[in-house]
Amino acid sequence: MKTLFLEQDIKYDGTQLAPHWIYKNFKIQCDAIIAFKGECEVKLSEMVDIEDVLNNEPIYSKLMLHFISEQFNVGLVEGVLRQRLLICIIKEALEKRGITVQRNGDDLFVGRKKLTVSIATKSLTSILIHTGINIDAAGAPVVACGLSDLGINDIEAIAKEIMTCYSNEIDDIILATTKVNGLWK
Amino acid sequence: MKTLFLEQDIKYDGTQLAPHWIYKNFKIQCDAIIAFKGECEVKLSEMVDIEDVLNNEPIYSKLMLHFISEQFNVGLVEGVLRQRLLICIIKEALEKRGITVQRNGDDLFVGRKKLTVSIATKSLTSILIHTGINIDAAGAPVVACGLSDLGINDIEAIAKEIMTCYSNEIDDIILATTKVNGLWK
Amino acid sequence: MKTLFLEQDIKYDGTQLAPHWIYKNFKIQCDAIIAFKGECEVKLSEMVDIEDVLNNEPIYSKLMLHFISEQFNVGLVEGVLRQRLLICIIKEALEKRGITVQRNGDDLFVGRKKLTVSIATKSLTSILIHTGINIDAAGAPVVACGLSDLGINDIEAIAKEIMTCYSNEIDDIILATTKVNGLWK
Amino acid sequence: MKTLFLEQDIKYDGTQLAPHWIYKNFKIQCDAIIAFKGECEVKLSEMVDIEDVLNNEPIYSKLMLHFISEQFNVGLVEGVLRQRLLICIIKEALEKRGITVQRNGDDLFVGRKKLTVSIATKSLTSILIHTGINIDAAGAPVVACGLSDLGINDIEAIAKEIMTCYSNEIDDIILATTKVNGLWK
Amino acid sequence: MKTLFLEQDIKYDGTQLAPHWIYKNFKIQCDAIIAFKGECEVKLSEMVDIEDVLNNEPIYSKLMLHFISEQFNVGLVEGVLRQRLLICIIKEALEKRGITVQRNGDDLFVGRKKLTVSIATKSLTSILIHTGINIDAAGAPVVACGLSDLGINDIEAIAKEIMTCYSNEIDDIILATTKVNGLWK
Amino acid sequence: MKTLFLEQDIKYDGTQLAPHWIYKNFKIQCDAIIAFKGECEVKLSEMVDIEDVLNNEPIYSKLMLHFISEQFNVGLVEGVLRQRLLICIIKEALEKRGITVQRNGDDLFVGRKKLTVSIATKSLTSILIHTGINIDAAGAPVVACGLSDLGINDIEAIAKEIMTCYSNEIDDIILATTKVNGLWK
């Protein structure tokens, strides 16, 4: 899996969660995870999560660290498992910086404050994951906090660390399938 | 997924990681995770992990909390992802008890001391996972620690909590696949 | 699998056979089968069955008992098999009421009169099945009969019985995969 | 799928439910269903159905019509669905001869008397199905009846009819996957 | 797999690479490969190959022999493998006519001149392949040659031979999966 | 995919076609293809190809260039396609050296003389391929020729070239699945 941190900010409005968006925009043609900073505003009409649409819960955050990952030839159950692993790795990167974080499925919380949003879905040829971590949670529709509140200011460093860990662990998981005897009885 | 904590101890020697072992012994006929306490001694001839065999690394621990899970109609890549999720949930159960734990793939460490062993593999109809958490790591072939060292003595309580969280999260992951719009473009 | 009988009638025009239609309209977020009564008029432009389009065979029936089922993470061959099972279960529910029914693939006949229409197809995340049983076959483009002609007037009762049997049998099929030794030689 | 009725009787003891048994013995190298008559005695040590083993329920019948089917490149859930379809087709063949039959999963009953046994399982490259219909149920461990009791004596004719219907319907199911528009929204 | 050579020319503009195009236009309802002659002009807006779009490389050839294949219930990795096999079979048909051809992935060259274009992609229920062999490469945007340059004028004969070989080999590949012992150890 | 040419000769007797044989013997833990020279003698009892067993056709050749490939998390139909691709690549390596070769499925011939043997099969976690090219076909049970007869003496060079081309093309095939728009209509 290739990784890329984008220098320029991009406002995330949901249209970035699209098949081949990474390839078309950044010429990375394979399984990839990229990160960038930007405002986050996803209107109901752009929402992939039907639960949020039914609950009339649009997403907003003044500034987020966004991750987009596209992984090909994977089913959706496996895609959601790969999303959960990304969330666990983000949690671990925060723990290394002394932050205590609680995970609830694909959400991370610091105390009762929500730190992240995330979704995983499927295209015809791939699964796609978006995870956003609040940097400045101003305007969020729920009680939230951001990396700035937690004293984490080197966004690029933590983004790259998360992407490297994630890429390495996906490789390691594939490798783990190649070293075990199957069980007959 | 059904869960069961066994009152009686069982020495884990590797033969318990077998298709339908849970069903044949405890009459649970579906996806399941069970837990029990017992010595752990896996000889090279019973090892599923070929890497350990090649490195001549048998497993021993005087007393462990063991988890065995069998999940049907799942491929091995997804099986390893489901194993990694179990490891993350064990880590979180320890964190709730104030223990700081580091994860490295499917291993948990407290400081530099190894707390767990784990493997995931495949039978013709299922994937199978074993994870053992040291209670008393005496005799372990590596620098290790156990739940006793960490002041965790209510083994049954933490075992049940881990199994409940794991079962709930697997259900939640399946549910997450049913609420998202697929992506056309 | 969850089941639901809708009190209100809905005219079936083909747009109900859509991913997440059940979830969006009735808040059932998982594998499900629902039933309702209503006129049936599917124009060629809404038809999923290309064979019917090529043969210029729109569907009409004055009043039908409709079943819609959405089942996630299933391929289309398996989806058609699950459709055929639903047809067999409908046939059996009629037999319990003393009606002799002939099955031909996914069609049911009483004598030479056609009783049902059915289709199974695929979305990005699920398979979807529609089966309609004539209640009053007036206006049908082929020689047809309906439940009223057969003296079956408690539509809700038979609908619920069919859905319960179907839901139970799908569960039973999954369970059947968990109790068999694989074959080595 | 190829079909074959064997003239010679074979005692079914469970060893016939093996990968490539059809190919090795009858040179049919593809998806196939074959039928033969013979005593049926499956000891616990040869049983594929662990539920029967746990319940200590060996199988016996003095004379049965046996079907063995091997179908390649199919998963076990789909294999059980294909088994259920075979059971429905056997039921329909009996109905054409005026017999009223009740189905309960993969079992057929005439009144309260059990008519059939069946199992579906998996090898590394295929799924395998055995279904036996009592001809003379003498010695059966449960209340049972046979085709002789039902006045059906032309065993070869009904066997061939069942195999032809089954083979045709499996072909028709594959064909049904090729004629439907997928659903985008 | 069914095969068909169309007598009439069709200009290939990319819209022919669509699910059920063969079925809707030629009533062949199953895995199929068809061939026809015609101009080839694929604009960027109709291109399936994002690489070509990014590189701003539309496709043009004055006259091509086109193959379209649709194969159902197949994943995309397997679909690309099936495409590569088609390319190898085209190469072999040319070799039988004394032409030396070099293959590079899914492209064929005679010397340094490009002879073919090809793409494989996926719909909801199938994989689709287009391969075009230049007959008269006039207007091609790269250095190219055509069958006319190579002295091959009986286009229908070579098209039918290629389709027959391809259809037979796909059947043979499925058959090859039914004759091998699985490996336990 | 990793590649390795072994300096030492190994007699191929069929036991080398085993899951993890490459990993256990050469410490390559991932998809791999290795090559070595050696006598080839596969007795019927070690044969994976049931067709050869039924036809009583053991394999012998005095000296062969052997390829063994193990590829994980792949089904058998795809495994046979990957085998056919290897055969095509071997054919192309010979063509670069001026040899005219005919392919018939997974067999290569020079004129009427058989040059190769090959099989693809499945373990619980992988597919495995063996392909042997005669170097000195003495003792072969059919009319055969070898690389020596064709003037090819630098076995290591051609082996490495074949493995590199094969490894690159498998990578390229995966890459080809990541660059195409799926087809909606």
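Going in written order, the chains are labelled A, B, C, D, E and F, and every chain counts its residues from 1.
Heads up, the rule we're going with is that a contact is a pair of C-beta atoms (placed from the backbone, for glycine too) under 8 Å apart; a residue touches a chain by one contact, two chains touch by 3 or more.
Here the structure is a predicted model, which is why all the values come from computation and not from measurement.
> Would you mind checking the shortest number of contact hops between subunit B and subunit D?
1
> Could you work out how many touching-chain steps separate subunit B from subunit C at minimum?
1
> Considering A-C alongside A-F, which chain pair is linked by more C-beta pairs in contact?
A-F
> Identify, among B-C, C-D or C-E, the interface equivalent of B-D, where equivalent means over half of the contact pairs coincide by residue number.
Equivalent chain pair to B-D in B-C, C-D or C-E: C-E.
> Once you find the CA centre of subunit D and the CA centre of subunit F, what distance in Å lies between them?
That pair's centroid distance is 39 Å.
> Once you find the CA centre of subunit C and the CA centre of subunit F, what distance in Å lies between them?
Centre-to-centre distance between subunit C and subunit F: 49 Å.
> When you check subunit A against every other chain, which residues touch at least two of them?
19-20, 23, 29, 50-51, 73, 75-77, 121-125, 174, 177, 179-184
> What is the shape of the graph in which nodes denote protein chains and edges denote touching chain pairs (line, ring, star, complete, other)?
Here the contact pattern is something else, fitting no line, ring, star or complete shape.
> By the document's touch rule, what are all the touching chain pairs in this structure?
All chain pairs meeting the touch criterion are A-B, A-C, A-E, A-F, B-C, B-D, B-F, C-D, C-E, D-E, D-F, E-F.
> Applying the document's contact rule, which stretches of subunit E touch subunit A when the two form their complex?
50-51, 54, 75-77, 121-124, 184
> Which residues of subunit A touch subunit F once you look at their complex with the stated criterion?
Result: residues 19-20, 23, 29-31, 72-73, 123-126, 174-175, 177-183 of subunit A touch subunit F.
> In their complex, what parts of subunit C are in touch with subunit D?
17-19, 47-51, 76-82, 84-85, 88, 92, 95, 100, 102-103, 105-106, 119-124, 128, 169, 172-174, 176-177, 179-185
> Note which residues of subunit F are touching subunit B in the complex, please.
20, 23-24, 27, 29, 73, 124-125, 184
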